[in-house]
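You will see chain A twice below: alongside chain B first, and alongside chain C after that.
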Partner chain A sequence: MIELNLILIFMILAALVAVEIKDLLSSVVAVGAVGLGLSLAFLLLKAPDLAITQLVVEILCLIILIRATIKKDLPFSTSGRWLFNTISTLIFMAIFLFFAYFAIKDLPKMGEPLIKVSKFYLERGKDLTGATNLVSSVILDFRAYDTLGEATVLFTAVIGVLAVLRKVGKIH
Partner chain B sequence: MIYFLCLILFSIGLYCVLRKRNLIKIIIGLGIMEYAVNLFFILVGYRLEGRSPIFAKEKIILSMVDPIPQALVLTAIVIGLAVTALIVAIAIRIYERYGTFDITQIRKLKG
Partner chain C sequence: MNSLKPKNLNTLKPDKGMTLIVKTITRLTVGLILLYGIYIVLHGHISPGGGFAGGVIIALSFVHLMLAFGKDFALKKLNDVKASFWESLGAIMFLSIALLGFLGGYFFFNFIIKGRPFNLFSAGIIPLCNIAICLKVGAGLFAIFLALVVLYKIEK
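On to the complex of A and B.
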């Protein structure tokens, strides 16, 4: 468990750097560090499919964000009600963490999951689907409509990106 | 303890979304929040000394970690990529129109 804690602390530090650094490109690189740390954490939490997917998605995300930020830097501005904004944001975060502390107490303890629904999948999954990897048998057989919806969302987003970014048809 | 670290990561993303004025910083904050929530789901389904949910000979079935959060988070990661791509496209468009990523100046240049 100690290595997981270390990776989480590394992710928190990288997130702080990504939030506070002034250069946008460095910020994007720091958020890439958070994502790759998340991939390592998935590997330690025994989720190899997720680790692979997170790695690929993180690299694509970095490419997209670098496309948005390159040569488009702008100076950091702190005009306006700096004190009021910061204090209200910190109060909001404190309220969130306060309630989260009480919500965590009601969760099952770390390392002892409440396996009720997935007990059926664990026991009968191989006989019913023939797949040895349970994650793929869940996403492609038991909950295939979920995956269909995911593909729909993905293609809708692609159409949206093409519609927003196209050059032809602009009125000048 | 480890749940709480995960929630601190979430609140850093929340701070970034609420406090920063740069559109790219806001997108980064959304990404950090998404990572924290995904990690939280996997942490809830983790079993101590468990093994990954893949069948193998001469292993006990019930020592696996919970496969359902993993399947759902696999969907959520891909949808997060789609959402990020769409937001970045809109942000690039806003930059072309207004010449800035600062949300306070975008509000002033209405119309």
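On to the complex of A and C.
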């Protein structure tokens, strides 16, 4: 698990760079580095489906971010309220750590989930659906309602983007 | 930043895309990217991958085409009207596969014969669902890309 921790540290550092750096293009590249680290982490945790999806979606998001934001002059908010911001951040971190101390103790160990139905999927999934990729058999057979909801969410998102950014029928 | 504002001379010049090197390499690789996306979709029930990842790869091949050759060339292949058509077709296909499950009993019933595992034609409705989701996701994400990058910029 040492390589997973190294990747997590790399992701945290890249996220800090993405927040703090002044140049917009460098910030977008740092966000891409976070996504690549997440994809590698999925691969190390033996989830190749998620790794493929994460990598591919990350590439598309990076292209959209670069093409849509990089040539525009975006205003930076460099206000001088760093003292208030730092104090409020520290307070919220303290509150989060206080409650997380109680919550994390009760979490199950990694690899031993509370929900016992996953064992049934692993044992009977191949016989019941005929699919050898168990992720496919879960998202498209056992839990197909969830996939229908996800498809509806994506459909609504596309309709919303096309409606907001349309050319026809817009009054200037 | 001044060169970006279309003034008088460069307004009518169409978007030509990138340099010759990028165009040549794109001509070689874009078909392979599309084929890899189709492979990931069709083998979604056998190996890692599936409709979502394959659909995004197919959308990325069109995005690749647009970045290299400019928006006019890519819009000839797949414009926003066609993209919304394919996306709606994917949604309707997914929903009708689910509704056809009532032939055997309930919503999302796997009514096609299962076949042998590790075969390409196996697992009943799962490959069909993968194809439907691939159409939906690929066309939908390409439509979002078009709206955010191309149409928005024309309007400015």
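Assume the second predicted complex is superposed on the first by the 158 of 172 C-alpha atoms of A that agree within 3 Å, B and C clash if a C-alpha of one lies under 4 Å from a C-alpha of the other, contacts with A are read in each partner's own complex, and residues count from 1 in each chain.
Assume contacts are C-beta pairs under 8 Å (C-beta built on N, C-alpha and C of every residue); 3 or more make two chains touch, one makes a residue touch a chain.
Note that the coordinates shown come from a computational prediction; the quantities given were computed from them, not determined experimentally.
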Of chain B and chain C, the chain that contacts the larger number of chain A residues: B
Partner chain in contact with A:53 - chain B first, chain C second, else both or neither: both
Which of chain B and chain C A:107 touches, first, second, both or neither: first
Which superposed partner A:158 touches (first chain B, second chain C, both, neither): both
Partner chain in contact with A:138 - chain B first, chain C second, else both or neither: first
Which of chain B and chain C A:64 touches, first, second, both or neither: both
Which of chain B and chain C A:45 touches, first, second, both or neither: first
First (chain B), second (chain C), both or neither touched by A:124: neither
Which superposed partner A:147 touches (first chain B, second chain C, both, neither): both
Touching partner for A:15 - first (chain B), second (chain C), both, neither: first
Chain A residues contacted in one complex by chain B, in the other by chain C: 48-49, 53, 57, 60, 64, 67-68, 126, 132-133, 135, 139, 147, 154, 157-158, 161, 165
Residue ranges of chain B in contact with chain A within the complex: 1-16, 18-22, 24-25, 27-29, 31-32, 35, 38-39, 42-56, 61-62, 64-68, 70-75, 77-86, 88-93, 95, 100-102, 104
Parts of chain A lying in touch with chain C, wherever the complex brings them together: 48-49, 51-53, 56-57, 59-60, 63-64, 67-68, 71, 73, 126, 129-133, 135-137, 139-141, 144-145, 147-148, 151, 154-155, 157-158, 161-162, 165-167
Touch list for chain C against partner chain A, complex: 1, 4, 40, 44-50, 52-53, 56-57, 59-60, 63, 67, 80, 84, 87, 91, 94-95, 98, 107-108, 110, 114-118, 122-126, 129-130, 133, 136-137, 140-141, 143-145, 147-149, 151-152, 154-155
Chain B-touching residues of chain A, taken from the complex the two chains share: 1, 4-5, 8-9, 11-12, 15-16, 18-19, 24, 27-28, 31, 34-35, 38, 41-42, 45-50, 53-54, 57, 60-61, 64-65, 67-69, 72, 74, 76-77, 79-80, 85-86, 89-90, 92-93, 96-97, 100-101, 104, 107-108, 110-113, 115, 117-119, 121-123, 126, 132-135, 138-139, 143, 146-147, 150, 153-154, 156-158, 160-161, 164-165
